[in-house]
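These notes open a run of structures that come right after.
The same subunit A turns up in both complexes below, where it pairs with subunit B and then with subunit C.
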Partner chain A sequence: MKSVKLLYLVFLLSVICLLCGCWNYREIERLAIASGLSLDSLEDKIVLNIEIANPASGQGEGTVKPVLLKSEGKTVFDAVREIIAKSGMKVYWSHAKVLLLGEEMFNGKLIGALDWAFRDAETREDMWVLVAKGRKASEILGSKPELEELVSFQLDATLRSQRFISRFPSVELWKLIDDMTSRENTAILPAVRLIDEKGKTVPLIEGCAVIKKQKLLGWLTAEETKALLWIRDELKGGLTIIEKVGSPDTNVTLEIFESKTTVKPVFEEGRLSMAVTIKLSVEIAEISSSMDVIKPDGMKLLTAEGKKQIKRDIEKVVKKAQKEFKCDILGFGSKVKAEMPDIWREVEPDWDEYLQDMEVEVSVDLEIRGSATTSKPIMIED
Partner chain B sequence: MKIDFKLQQNIAAIKNIFLSDQSLVYREFGKTAEAGKAFCVIYIDGMVDKNYINDNVISPIMSMLPRSGQRPTDFAGYIMNEVITSIRIHAASEIDALTQALAGGNAVLLIDDTFEALIIQAHGWENRSITEPTTEKTVRGPKESFNESLITNLALIRKRLRTPQLKCKFRTIGTLTRTNVCICYIEGVASHDILRELEVRLNQIEIDGILDSGYLEEMVKDSPFTPFPLAGATERPDIACAKLLEGRFVLLCDGTPFCVSLPYLFMETFQADEDYYFNYTFASVNRFIRWIGFFLTTSVPAIYVALTTFHQEMIPTQLLLSISASRQGVPFPTIVEALLMLFVFEVLREAGVRIPTVIGQAISIVGALVIGQAAVEAKLVSAPIIIVAGLAGITGFLVPRLDGAIIILRFTFLILSAFIGLYGYLFGVVGLFLHIASLRSFGIPYMLNTGSLKFQDQKDMLIRAPWQTMTQRPQLIGKKNMKRKADIEPNGGKQ
Partner chain C sequence: MVEVSKETINDKQALIMVTIFIMGSTLIMGVGGVAKQDMWLAIIAAIASAIPVVLMYARILSTYPGKDLYDILQIVFGKVVGKIVCILYAWFAFHLGALVLRNYGEFIKTAALPETPMLVSMLFLGGLALWAVKAGIEVIGRWSEFFIFILIGFILIIGFLSIPLMKPQNLLPVLYEGVVPVLHGTLAALSFPFAETVVFTLVFSSLQTRESPNKVLVYGILLGGLIVVYAALRNVMVLGANYISMLYFPSYHAVSRINVGNFLQRLEISVVVVFTIAGFVKISVCLLAACTGIAKVFSLENHRQIATPIALLMVTLAYIVYKNIMEMMEWAFKYWSSYALPFQVFLPAIILLAVEIKSRRQKTSGKPPAKQ
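Here is the complex of A and B:
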């Protein structure tokens, strides 16, 4: 009896060892560690480029050199496996930071690309997703950044610091898929392009791409992106410049510390409208002239001017979303759904059209809470 | 065998027993009526204080002889009580008693025409003096340590615990060594159940010799084959006293400076006497470091191997790249590297203990330079594994009492990790907890209160609470009198 029990125990223990899922003994130096990938579309094929972080073996120096691997395939995974045939290396995906999408991918191939990245066991769902603007995604992956050795690491670092500039959104893979599969089917993605600098081509992230149902509808500039993030309540920091306060040469730069946006649907006389309230807490970061905007009446002027300009920017992007893109990148639909489910049921079928003529009331509540480390402008008498 | 009436018969009998042992000294003196000697002192050379025998035995008898006329009827009694000036003396009438006394370092006085002989305790062998402890050094605290003499050791404890409640029970263990062993405890604090159990276990010991208290420790263990210590060992009298005050028992053993304390709990391995002498904040930090040290020394190699060979996604990217860079060109798999370096560390440790101290320096130089640096430069092993092995080795010294268990755990965890990654490591950890939770020391659970959430139970566990708050003795062990400050009733409250 006892020996039977012991046999059971041995059996169960060995079963546990076999059932523990996906595991494998791999030596670390045999891994081709992918730091990022780009997907482009070429006719009916997908062109995959992988940036491999290749640690150079040397005495003490931990320099990492990028190696680009390229392959083609009918599907993404097909292309991924093609790499093995070409280079003999099995790519390790868990440390891939960025997924760059070429513009042509938005001709119906987006789901294929996202599905593999989302489904695969090794890739992470917090990978950044970017859209290459004006160039092929592979060209961006092959560019030479200024500070980092690897393009992917440079893009990763930039996207991580997004909250200090707010000139582009930073979107992780899970968030993109979340946005795409919700009712509005829209998403924004940061746009990356190449610029020439000191004879080098370096990647620059600026503005965003507007996507609806696998289609790339258009681009927003950096300023527009900031306003859009404001409405979506995704702006966490950054700067805003208030121009021509009092005199034409006075530009005041404000640093945003807190920003809270509330979007409230209002239903009056059978018409749905939106009330957007933005609460801002800022500090004066820079004044471009000797004008004193810190003293009470100067501050009053600055606040009024700031409110006006921020409101103008936001209204501009609302217009653009309503008239040009004709889709709900503003995220109003989910607000209506949450607060007025009955009305939402009515308007839902043709929400995008409904949105186009909707009135949007923007109000800005600007609190300037200080002027950083000095309370005076630099006074230079003319 | 009874002692014979005739002196020469007795001398012959003893000579026969100690046949071909030339270290025995026979000194016959005094005259009887019918020619021949009246007395004979016998002792083993080197074990007896000769001056003591001269001054207190031989010379009083000799000075008595001329004036002796009528022999008293109880001549042996007369000699013992009125002539010899020794404080430790008793009469015996068996030859066996005499031979045992002789082997134990006593002198024997045989007297003609009596059926009794006298045994005079005159130990005169050399003892090491009381020195600073060599294995348990402290910055602050008493600097005395036990030596090899049981009586001296007992005095060192008595010196600190000046109460009649301190009880000492003697016994001899070992058929040939006849080692004196003493059970010390504080009456009214220590549990009588444990005392009874301890005596039963000591009685069951069948062995020819006890040369160190380690023999006892191992033979009274509840689970004989566990690598974890189930009894404490110390050469410091202050630690022994602290254990006694908590209601524990201390076993002193003749011939070794190390005494054994029991029952013993797992958390005692993380306590040091200095914890109680220093400020409690500093002591708590040190205590915490020891717990972390135990985790690191058993787990670092296993976790390193699991992460680098199974779960590369769990390593931060930069670290992954630098480990990968340092692994380039290394011929062995990570697990082989790890086993190799840990083995080398154990070799160095053992060599460092074994060799004479004068060339001990050489070992560390050879170990650090040749094995470490050269192996990395020659690309035999990667640099991180040196750090891992070094860290595992160094942190192992934080809890020296556990070293046997640590080696076993470290290698078990490592091999489990190499098979199925962190999954295997966790298996090992679960196994470890199952094992230590099932251990008992003299009926007291080994992990007593370790998982308790009560403040009182945790006061001397992960931290060392201020003395003002430590008002109670450990549960179960000091259960007869839990309050540290209360008076103890004589005889444990029994009438």
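Here is the complex of A and C:
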């Protein structure tokens, strides 16, 4: 019995030696934690820039400073591993928040840009994807944001607050890939550009890029983007300004609290049309004159004017999608497929052409549910 | 020496074992993918068609209470033919266990430990299953009874947290590509996982009453099936059928989408936990069935003697059975049903026929039907 016990003891002791650590562990200070990356295309190569969140300890509280690493490669992963050759650091990807794409990546290189980030086990598919407008993506990653130290953190914070502003979409990697594969190969991505402010160049997200089959078809302004988000039922909040209500100087700003869009395909007399109904619940957030739009008949006027203007905005972007981009960023195709599968089978092959002359009936249901904390406009008699 | 058949498990434990067995690798691999957004229909159809199949198993078992399929085969077909069929079934259980072990290894390798050799994770789970088998079916039953609460708890919490991500329109259009893909999906889902419960006929010699097999198998299928349908619905509603078709492990991705207030996020580890628990029960049951089979064929005193070599062989088979994950998926979704259905449906049908003839003949010749 004694020898058996001794044997156990030897075994346990040897196990301790084996279990004293992970065999491929990485110390935190040797870890280069990526917070974001940008991809540009240079001839047949891909230029990768990685923003590393570098914890800098020191005076009092520790801060995180950005470090930019740059490399090139034939493929994205090739460029990623190139970083090791340059810095000796193996980049850790699980905290990467943004993926910035340069405009040139849309010359048939989009799949090449997305596949690695989508496939790799360390990157997360809820990374935000943005398109750099007017500049190289690397320049945007190298800019200096106002509040945050890191560009990626700034962009991440902005995209997370998207529902309060709705002037750009927030698109995660999975959403982009899902849209590209299932929504008639179209997608929209937020556009980010650089603006000068107080001598600094600051990244600003505004509007969106329209993408079809790896190609960038064009841009939408902030207002158009909002209307598009309305149709796609992706608008969760934000503001809408109703101009010239009753008098030329009365602009009423409405804050959107609820928005629900239903798109219903209608098939009548051999023709397919779309009925878009938007149900809105808003509050009056700002009135720019002494015009009383809160009293019953003023409210009636505001509601009528609001419906008209929102409808106009939406119809404008529908026209633009139909005539200019000639593709289904509106998401009508998936609605037809879901609700009228038989008709979809017929129209699917030349859906983009079919879409161009389709009638779209927009109706807006605007409910004003309050006027914040005051019951009257500021009355100044002239 | 205590006799092996003295071990008994109560109906509740057996039912839970069947439930966890069905959840096993199904929750993580997904099932009925060919039916796309109709996969839930395919799974429901598979549950419906699995019930007569398991009633068949139950009937075989309850004709000879206290005996497992290995004993019954030898009674019904005689020593020689019976033993040949026994070896086939032992192989089936052994092979199934190895495949589940490989699923586990591939999953851990893909999701968590890409650089650690797959053999390491499989060896650990295999070792654990070996321990469970040596401890016996009673212990596996009690273990299942305890861990089902953790499983159900995880599944419920994840289910609630996924609700905001669900888009019911992902389920539309229903039957867009007709009934044929759904039928394919049904067949696939019947052979993996529902009719895999045939393995339980190899180990359930220890149920309490004559009616037990019936109750245990049918309710186990229903309960496990409910969870599988829920997982399929959740995955389709969260990810969309198109996206699922690109993934090896859809549940893992569906759960990774959960992000409550930027605080409750990266919950995909719960999928790993659920798979480890459920996979462990499935592998243990398969290993137990294989060991019992070998022991009965070679008239060994008890299955524990050979558990260690068989467990090690199972790990080895799991290691060499596929070259890579692509091969694993192709086998699991393309070829498995044609390989498994003979063991799951055709052979049991023949066995049941033989059992019925034998027991009728005994009745008419005046002897009491076989007991003990």
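Rule of thumb we're sticking to: the second predicted complex is superposed on the first by the 355 of 382 C-alpha atoms of A that agree within 3 Å, B and C clash if a C-alpha of one lies under 4 Å from a C-alpha of the other, contacts with A are read in each partner's own complex, and residues count from 1 in each chain.
Convention: a residue touches a chain if its C-beta (ideal position, glycine included) is under 8 Å from a C-beta of that chain, and two chains touch if they have at least 3 such contacts.
Just so you know, these numbers come straight off a predicted model, no measurement behind them.
Student: After the alignment on subunit A, I want to confirm one thing: do subunit B and subunit C clash, or do they fit together?
Tutor: Aligned on subunit A, subunit B and subunit C fit with no clash.
Student: Once the two structures are placed together by chain A, how many degrees is the angle at subunit A between subunit B and subunit C, based on Cα centres and rounded to a multiple of 10?
Tutor: 50
Student: Touch check for A:33: first (subunit B), second (subunit C), both, or neither?
Tutor: first
Student: Quick one: classify A:337 as touching subunit B (first), subunit C (second), both or neither.
Tutor: A:337 sits against subunit C, while subunit B stays out of touch.
Student: Would you sort A:134 into first (subunit B), second (subunit C), both or neither based on which partner it touches?
Tutor: The answer is neither, since A:134 touches no partner chain.
Student: Please determine whether it is subunit B or subunit C that touches the greater number of subunit A residues.
Tutor: Answer, by number of touched residues of subunit A: B.
Student: So, does A:24 touch the first partner subunit B, the second partner subunit C, both, or neither?
Tutor: The answer is both, since A:24 touches subunit B and subunit C.
Student: Once chain A of both complexes is superposed, is A:64 in touch with subunit B (first), subunit C (second), both, or neither?
Tutor: Only subunit B is touched by A:64; subunit C is not.
Student: Which partner does A:55 reach: the first (subunit B), the second (subunit C), both, or neither?
Tutor: first
Student: Once the shared chain is lined up, is A:92 touching subunit B (first), subunit C (second), both, or neither of them?
Tutor: Touch partner of A:92: subunit B, not subunit C.
Student: Subunit B to subunit C: minimum CA distance in the overlay, Å?
Tutor: Result, nearest C-alpha distance in the overlay: 6 Å.
Student: List the residues of subunit A that touch subunit B in one complex and subunit C in the other.
Tutor: Residues 23-24, 124 of subunit A touch both subunit B and subunit C.
Student: Which positions of subunit B touch subunit A when the two form their complex?
Tutor: The contact residues of subunit B facing subunit A are 308-310, 312-313, 317, 320-330, 333-334, 418-421, 423-424.
Student: In their shared complex, at which residues does subunit A touch subunit C?
Tutor: 23-24, 121, 124-126, 160, 174, 177-178, 181-182, 334, 337-339, 341, 344
Student: Within the complex, which stretch of subunit C touches subunit A?
Tutor: Where subunit C meets subunit A, its residues are 110-111, 114-116, 169, 172-173, 176, 239-240, 242-243, 246, 253, 256-257, 259, 262.
Student: Touching subunit B in the complex: which residues of subunit A?
Tutor: Those in contact with subunit B are residues 17, 20, 23-29, 31, 33, 35, 53, 55-58, 62, 64, 92, 94-95, 97, 122, 124.
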